[in-house]
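The structures come next, written out as structure tokens.
Next, two complexes with subunit A in common: one pairs it with subunit B, the other with subunit C.
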Partner chain A sequence: MVFTAFMGALLFALASPAFADGETLRGTLQNQGQPVTGVKITVTSGDGQPVGEATSDAEGKWEVPVPAAGSYQVTLDQATLPTGTVLRLKDRATLTVQVFEGNYRNVLFALASGNADGSGAQPDDGSSASSAFWTRVAQLAFEGLSLGLVIALGALGISLIFGTTGLTNFAHGELLTVGAFAALVLNTTLGLHLLVAAPLAVLISAAFGYGQERFFWGPLRNRKTGLVSMMIISIGVAIFLRYLVLFLFGGENVPYEQYVAQDGIQLGPISTTPKGLIAMGVEIVVLIAVGLALTYTRLGKATRAVSDNPALAASSGINVDRIVRIVWAMGAAVAGLAGIMLGTTQILNFQMGQQVLLLMFAGVTLGGLGTAFGALVGALVVGMFVQISTIWIPPELKTVGALAVLIIVLLVRPQGILGRRERIG
Partner chain B sequence: MIRIAPIGRALAVATAASLALTACGGGEETAAPASSAPAETTTSAAAPAAGGDGVLTIGALLPQTGDLAFLGPPEFAGVKLAVKEINEAGGVLGKPVVEIDTDSGDTKTDIASQSVDKLLAQNTDVIIGAASSGVSKTVIDKITNAGVVQFSPANTSPEFTTYPDKGLYFRTAPSDVLQGRVLGDLILQDGSDTVAILNRQDSYGNGLADEVEKSVSGGGGQIVAKTPYDPAAADFSADVAKIKEANPKALALISFNETTKIIPELKKQGIGPDKIKIYFVDGNLADYSKDFPKGTLEGVKGTLPGAKSPDDFRQKLLAVDPSLKDYSYAPESYDATILSALAAEAAGSDAGTAVAGKLIDVSKGGEKCTDFAACLALLKAGKDIDYDGVSGPVEFSDAGDPSEATIGIYQYAADNTYANVTYLSGKVAG
Partner chain C sequence: MDWELIFSRALSAGIGTEAVIYALAAIGLNIHFGYTGLLNFGQAGFLAVGAYGLATTITTFGLPFWLGVTVGLVGAVLFALLLGIPTLRLRADYLAIVTIAAAEIVRLVVRSVALRGTFGGTDGLDSFSGDFYALNPYSPGSYGFWLIKFDHRTLWVLTVGWILVAAACAVVYLVMKSPWGRVLKAIREDEDAVRSLGKNVFSYKMQALVFGGVVGSLAGFLFALSRAATQPDLFSTELTFFAYTVLILGGAARVAGPVVGAMIFWLLLILVKTGMEEAVNHQVITFITVNQVGSINYMLVGLGLILLLIYRPQGIFGDKREIALDAR
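What follows is the complex of A and B.
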């Protein structure tokens, strides 16, 4: 062993190229992109025998060949660092590095500007870390709003359909997927610009929703199929539609032709993209428009009447079937829009609807089943919570946080945030 | 009151029946469908005890759908090419090899488990797959308990080295111990002292992330954030925000095709490939020329296990499947199939346990040969062989892992396609 080490040192001293292809420790010393020259690096073997040393050259590079694979200690002589340059991490002047057979190994010493006494190594570390934290909080709140709006669009349809027909539609996530992929066909196959394809796809979604009610759910209801059976059927419809999309479009992520990977823009602490802002704007306008329509138009009032009590609404002259069809068409159109927005800001995949379905249901339940405005509030709370909770919990568990809120709120207010208490008896 | 008319009832029955039948179908056999005689379907559990049925049946359990669907075509082509060459050279034990293709799906679906049932029911002796370590983990017990060899061309999770597999699990892809080491070294070589890791929360992602972390911090770098993410999440903005807060100089992105969702998110939050150094791995090193505008990935580097596949091998693959764009893991799939056939020939039996017993033997120590026909001739002459494949020398360790491997380092150009920079070889252990 001593002999080997001696041979290594000897060969190094002779600058023999014998180790050029063999095991080597090497690295480049840089401070903020500038090479740092004249710094002494010493390498010793695991049991403390000197192996060799090197001095960083004009490009900051250094290289020490070693005799064999194994563990080596690499030490940077801090006294040889130029004035104004220090190790960023004081305690890491000596590194224990594993070298593998036949390979070189890169070793990195992180350097920073500062004084040798260590006082100025990272002058504004504390304040920059806390500002980075608040930037993240602002960013997460913004993302929460953005996700919440998409969920709200979907949740609105679920809530209205539940309100008017009592059906818990598990295929609602697939309405997002169908809308998004309808826009994809118009966008890529027919070559229409996304701005043209999107409104057309929303119309297709509306027609799809109308057709579903007219030829599928309506007849099922007229045959007095039970609500639980219909719910199970909706799960079947969801699986069928999901795999139909998989069959037709494949399992890979696909983007639209336009607005892919847009550069970010900075709004104060928040980074976003122009497309993200426009999508949020469209979503807010649509949500407000639907809200106003429900409150002030005759159709909206009729919808709420059916939602309250279908039998009473029918007996007061409202065509319940017509209202339900309109609700389906509108719910599907809004869901399709949500899918297109999700596809634009994220990406299209056959599972995209399924991925937000749970969150939509959480929003609807949280807000109070069957109340349109409850669904909006619930969806926004869920969206915000999913994103902001990642400050405290690992991001891979972010959905859990939203569901925890759902459980806690329902324990305290079983009817949801805006729901009314069920009348008993 | 039952209102279904007789015709309606007949229709309902027909629909149900056709659904049930479709569920059973799907796997295509490319040769000798006779092996799936109904009488044999119940014997799968007893298969290990029997000495095999004389026909080497190779089941491909590779991704046709799901996150890794882009890896599927080259892997299937590798298996098909190998089977074609084996059968042209006279087959195994004097009979042509049967290949059955099935879909492995991904970890979000249960397709792999159904495919394995289907393969086992058809007396499969060797299953080539799966591509994803996560999927392999869900089916490894089922396969090895049936006495069938599981031979993955692309699993790189270090977990499988120590997994209790009854000596029936093999792979031609090197454990991520090597890829992680090379990637960490590459990051340090590029001078990034603060490094973040964003990885899939699964067997593959966590395993590789741990190796990269070990390599980076072992060489003097600092891991400032290590964020596993849920691959099924609706968006990754929170995950990326966490990375951004840590302000890294480099990011190792260990993912599958979620990459097409994550890269725009990174760009949006101002830590895209134009701002920090981003590194891909074998799970996401793919051709993104159709997914991103020009220049998006320029400068991104990545690692991929496997030596350069020779041009003539690529030509042969193209003859099998003219639509191939990528060649990732095609050599590994090809070698896995050839090795299985050679092991069956050497063992004189097509039973899974017999094949497993000879696999390590034919991979090293003996007269070197590089194609099936030559190796077969040597075996028939009673010689010990050492198969050197397209993917590398393929010398199995006792755990059934390749003990030596090559990792390629690649870099993306402005058109979002990647090209090789260099190849590094090394021993996995040590």
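What follows is the complex of A and C.
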């Protein structure tokens, strides 16, 4: 749980640098998902001068503004911890952290349930460096799989829409955002439980995708609008939708009502949360279902036929317009689901879709533009690569690695892993 | 409501630094998209390379101003080569995806904590514009007429900027009348036909990409110098798409299209923005806050881009037959 909380904090820090003003140290104290209040935190500068102190509030939050960028020591007063709560690592009551200019810095203290005598607190196992390395690889691969599944859900829609209509949809990221925020409205404004709100929001997403095709993209194609035109129009749509969400909901990160903080669970070397596992399970089930539907049902076969050659499909009696509408509805529904999963497990703000759009494109290109199964494989590879690469490169550059690989793939094998040569040139 | 303020700001924006920067960025895009039919979605990357080439050379390495300009220009050429080699042989949408990805790579690299010592992280770089303003011939004070007023520093940026715009327009005009320019236009119309005439299409496309990228880097210089600072998030993908809106509004494949487009775009944008802010501040409009005016502005740009492409893809001056709207 601590690690996922850290990832969340990291994403938040990356996502909203523009809102930070003045250097601040802050954090949230939680034990088993419950806020821990009344804990005293003291901050001293690198040379031991006191800077300030704070006490965690009802939500477990604390914040200490610091005068300038630099190195600070943050100390948690263990005597003020409530009974039954201890530091997971006793010797880590004082942390030395670096604050960068104009940024805030999240400081995390790992708390556990137990008595002051140390029972319940995990001992710091002195395992060898190599086993620690492989633990880290396993953890990152797991997180990569989780990210890859979200990317795959989005990439599937991009790939099918491209296959059937030729449109490279730059507004696909916003389908994630719209799905996630539809669930947010149902969840917070209407007060439905997330388990009810999420399926409804997926339906709304499907209707949104169907409507977009029925009343916008379909008529545009009938007007013989060129593909490049439509690509630029999709950028207009993306900007419009993104800032509509900003207009309606503001620029802050917002949480759903349920499943905000959960107890961590340990699976061998991997630490995760129940919600993370359930999200992955749902994603895998949906991906397999869509894959089976594409392979075995009449509709799926028709979709692949249209994707292969629309004119030939039409001449063999397939209603191409109907297939395209279904593809849009399905693509938007799956993207909306990806948005809700991303919102539950990581972040929920107006830029969330845009932030994964390029990763989705990377997945689609890697797998081969226009092939549904290629998109799945490509997306999983991209997700794993992004996370595992953080072993060697700084985390804030992980997207750069994925995008650089995208460019290299185009150099070496432009048709992608499962693509065919004739589609590309 | 203060109508004088609204019109003063709108008119100043129409000929101000933003208009100049976007005019240059869009002239570069015009060479790519308007004349050659290359769908470059990473113009922001070229501006970033120009701005950071200049700023890093001067601030981080303490080298002279003109060397910084050279580094920016060479950087833009290299960036174009790097983008062109993998993508120019592929279809239009691949170029679009790769250029947008490359522009994001540049932005993420210059804002990274790891390279903070070189590029300054999210805060960016400053104090590199001293030599530029030392060349300023205008004595300190306020210049202007009627509702339009600029201080001496802005006036100097504008003088250099509009000279660059005029020069870029003149070069584009001459080059596009030349045999070289006619080959570019022919590539836009039918690549295979040009290839069958024995022209090296890849090489021509590459030259166009480099040419437009270098013009983009000039916009980057002005962007950095006009603010006397450069931050990574100025060069987000929105910059590229604003430049596309500017280009399509004015008319692609026309010499004056990007310039007129930039002037009208910024005049309208600031007119609407300041107008709405004033209306909110004076309680004429009560259902939105001042913070939301910014998002409405962006929404209008998106809507404008959609409507332009649907109803008037040739913009004000363009010719519909001359615009590369179909992927090959």
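Here is the rule we use: the second predicted complex is superposed on the first by the 292 of 425 C-alpha atoms of A that agree within 3 Å, B and C clash if a C-alpha of one lies under 4 Å from a C-alpha of the other, contacts with A are read in each partner's own complex, and residues count from 1 in each chain.
By our rule, a contact is a pair of C-beta atoms (placed from the backbone, for glycine too) under 8 Å apart; a residue touches a chain by one contact, two chains touch by 3 or more.
Not measured: the values here are computed from a predicted model.
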Which of subunit B and subunit C A:262 touches, first, second, both or neither: first
Touched partner set for A:108, first subunit B, second subunit C, both or neither: first
Partner chain(s) touched by A:253 [first = subunit B, second = subunit C, both, neither]: first
Partner chain in contact with A:322 - subunit B first, subunit C second, else both or neither: neither
Winner by number of subunit A residues touched, once subunit B and subunit C are compared: B
Which of subunit B and subunit C A:356 touches, first, second, both or neither: first
Partner chain(s) touched by A:396 [first = subunit B, second = subunit C, both, neither]: both
Partner chain(s) touched by A:232 [first = subunit B, second = subunit C, both, neither]: second
Shared subunit A surface residues [contacts with subunit B and with subunit C]: 100-103, 223, 246, 250, 394, 396-397, 399
Residues of subunit C touching subunit A in the complex: 39, 41, 85-87, 89-94, 96-98, 100-102, 104-105, 108-109, 111-114, 116, 121-123, 233, 238, 241, 244, 248, 291-292, 295-296, 298-299, 301-306, 309-310, 313, 324-327
Footprint of subunit C on subunit A - complex, ascending: 17-18, 100-103, 166, 168, 220, 223, 225-229, 231-233, 235-244, 246-247, 250, 358, 361-362, 365, 369, 393-394, 396-397, 399-400, 403-404, 406-408, 410-411, 414, 424-425
Subunit A residues within the subunit B interface of the complex: 27-28, 30, 69, 74, 88-89, 92, 95-98, 100-103, 105-110, 132-133, 135-136, 139-140, 143, 146-147, 223, 246, 250-253, 255, 260-264, 266, 271-273, 276, 342, 345-347, 351-352, 355-356, 359, 386-387, 390, 394-399
Residue ranges of subunit B in contact with subunit A within the complex: 3, 65-67, 69-70, 106, 108, 181, 185-186, 188-189, 191, 193-194, 201, 218-222, 227-230, 232-235, 237-239, 241-242, 244-247, 257-258, 260-261, 263-264, 267-270, 272, 291-293, 296, 424-427, 430
